[in-house]
Amino acid sequence: MGRVYVYRRAHFSASHRLFDPQLSDEKNFEIFGGCSNPNGHGHNYYIELCIAGEPDPKTGYVIDLKKVKNILRVQFLDKVDHKNLNVDVDFMKGINPTTENIAIAAWRQIAPSINEGKLYSVRIYETEKNFVEYRGE
Amino acid sequence: MGRVYVYRRAHFSASHRLFDPQLSDEKNFEIFGGCSNPNGHGHNYYIELCIAGEPDPKTGYVIDLKKVKNILRVQFLDKVDHKNLNVDVDFMKGINPTTENIAIAAWRQIAPSINEGKLYSVRIYETEKNFVEYRGE
Amino acid sequence: MGRVYVYRRAHFSASHRLFDPQLSDEKNFEIFGGCSNPNGHGHNYYIELCIAGEPDPKTGYVIDLKKVKNILRVQFLDKVDHKNLNVDVDFMKGINPTTENIAIAAWRQIAPSINEGKLYSVRIYETEKNFVEYRGE
Amino acid sequence: MGRVYVYRRAHFSASHRLFDPQLSDEKNFEIFGGCSNPNGHGHNYYIELCIAGEPDPKTGYVIDLKKVKNILRVQFLDKVDHKNLNVDVDFMKGINPTTENIAIAAWRQIAPSINEGKLYSVRIYETEKNFVEYRGE
Amino acid sequence: MGRVYVYRRAHFSASHRLFDPQLSDEKNFEIFGGCSNPNGHGHNYYIELCIAGEPDPKTGYVIDLKKVKNILRVQFLDKVDHKNLNVDVDFMKGINPTTENIAIAAWRQIAPSINEGKLYSVRIYETEKNFVEYRGE
Amino acid sequence: MGRVYVYRRAHFSASHRLFDPQLSDEKNFEIFGGCSNPNGHGHNYYIELCIAGEPDPKTGYVIDLKKVKNILRVQFLDKVDHKNLNVDVDFMKGINPTTENIAIAAWRQIAPSINEGKLYSVRIYETEKNFVEYRGE
């Protein structure tokens, strides 16, 4: 029937601070501006998964989005929602939580669990104006 | 001048029921959950067409979006808006109305009428969180 | 501390048909147009509750929105989501499911359970362009 | 000419933790759930001011929104954007940063500076689903 | 059955220039800034009507929104969509096209035609961040 | 670490008129309809840049979005916001301001200034329903 791209979007609220621990607070402020406020700040993030594959001729699904919703919750949302990304999230330890790095980390958390179709891209929206996409390239 | 991708978005309201007529209601419920409710449920769907081509040097248009609006209405919206996708739509007869299958069917309805530029993708949004894209691949 | 208005928004997908059972299909079509399609059509509805009251000096809450979320789910969403509003919903039996009537019915389902603050208004969005508000007046 | 209500919307990103310092972490978790995560979490907040008054017959403005934008920035946004609401904001000291309390505090910060028309309401959106309004009542 | 508030939203694209013809271009720029650019600028405006009344017990409608759509088109949208508000619109002649003044003018154009229920408010969105409401007060 | 696509979205308000100066007003109306209204009309445009590259291992950024924000402002927004695209914008002189042509012109204005990562695409939204993308192909 051909290849179809299936998208699932979800929300999480988290706080973060951008900084390089090898640098001073001043230097961090110079690079990251208000984003390096020592006490952190936060966002309503959105994550958008895209999975590519052929629809199953019986169900008409590339993958049941209820399964995707579940994988997304277990592998990602439960670990980041209402958390501090610098401190509370094991798979972000030692990683500066820029939107770029969150997208790459999300891909690594989620891709191995997608067994019907293949994970094609992960988008992270930090705000309505700033967002990134990672395609595992 | 180079290739430009032109998008047109439109809305339709429809009801549907996901089910495989060869299976029992119980089995359908097991696979499709609440989406197989025998009396149906519904959505405010959005369709988003993308047409790729070079802008005409005179008009600056890849294709006049008023034409696209018209094709979309005649070939698709008039047949699905305020309809039951399982029962009322000739080109969905015998097809399980998953978002994947609606996107493929929409492509087949619309692609032959696009004569300036070429249809590049069709997106169907079932909700803000679930949507699919088909590119004729 | 003064009165604060607290809002909670939620989503449900449902199908419906507008018609008066005492009239013919032709007469119904004359009044309700495509909305009276015998096989129904559907929407992604949004419901928006507003509860007014003084914040509790200890918690800073008018009412814990987790409670509101729960009341909304039990009293309303579980009964209408992925349903046919003409057939599947006990509290809509015999009621023409216009957006006006859904809002009034939602108020009656939900208001008695709000015990901190008072239900102030119920909004139902049928589409982005059409919505109604009921304030129990 | 009559009374007109003028609205101005703006965005800020902040982190917060809901908790009552007189209670244990366990008790706070019981009341506030994930919102009391000790390391905080965050949101993309929106603030929406409404100012009511008669348009000036010369300018056609109730109040020049450039002035409102400025007042909003100086009195509120510069103090909360990219901040931790529990720690970094002087006018929130000792206040549990629920959305209700943020709205009341914002009113107190902003109302005295509105000299053309009168501040009519302050809305704070914590997420798309949860928001509050305060009218100085 | 009680009072219900029914809303209808629509879109129009228009250009305008804010200025007082009795003042110099410099003075106008001082008051209106970039909004007084002599060659104009433009917006995707949204208008949102609210009509209040009791639903008809037969139809369940306060007023058929197809009627409202029609009134809105004939009395307002056809006269402003794809127009220059300073030059092309008879009912804006001699009026500085601030959002406040557009809302008042829209009320006057539309209110007399609403015969089921009563026009309760008119909102004009100039951008996502700036909008006004007029209630005929 | 792999390739990441970074997006930045911004807003501008402008007016325009679609027309070919070599044709009569009638002929222009035949081709462009209401979009060729001699006194112009306008839009709230959105521009969305996408920049592709590898995140810097130190900062975790493909490119600091504060830099992108600045480039976008200096090279594009300051020249088009609150302007008439037919008359006020040097880089649109002699170009029919269709959305296609605005996207191509924006690419040419912005691409040379992007020195970390590479400009991958420019999207221009004329309305919520009509938008185009140019990728420098």
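A few points about this structure:
Lettered A, B, C, D, E and F in written order, each chain numbered from 1.
Please note the rule applied: contacts are C-beta pairs under 8 Å (C-beta built on N, C-alpha and C of every residue); 3 or more make two chains touch, one makes a residue touch a chain.
These numbers come from a predicted model, not from an experiment.
Here the chain-to-chain distance from subunit B to subunit E, counted in touching steps, is 2.
Shared contact partners of subunit A and subunit C comprise B, D. Shared contact partners of subunit C and subunit E comprise D.
Ranked by distance of CA centroids from subunit B, the top chain is D. Sharing over half of its contact pairs with C-E by residue number, the repeated interface among D-E, B-C or A-D is D-E. At the interface between subunit D and subunit E, under half of the residue numbers appear on both sides, which makes the contact a different-residue one.
With respect to subunit C, maximal separation of chain centres occurs for F (centres as means of Cα atoms).
Averaged Cα coordinates give subunit E a centre that lies 28 Å from the centre of subunit F.
Across the assembly, subunit E contributes 33, 128 as residues in contact with two or more other chains.
Applying the touch definition to all chain combinations yields A-B, A-D, A-F, B-C, B-F, C-D, C-E, D-E, E-F. On the subunit F side of its complex with subunit E, the touching residues are 11, 13-16, 34-35, 37, 39-44, 81-84, 86-88, 127-128. Those residues of subunit F lying in contact with subunit A across their complex are 1-10, 55, 58-62, 64-66.
Those residues of subunit C that touch subunit E in the shared complex are 18, 20, 31-33, 95-101, 103-104, 128-137.
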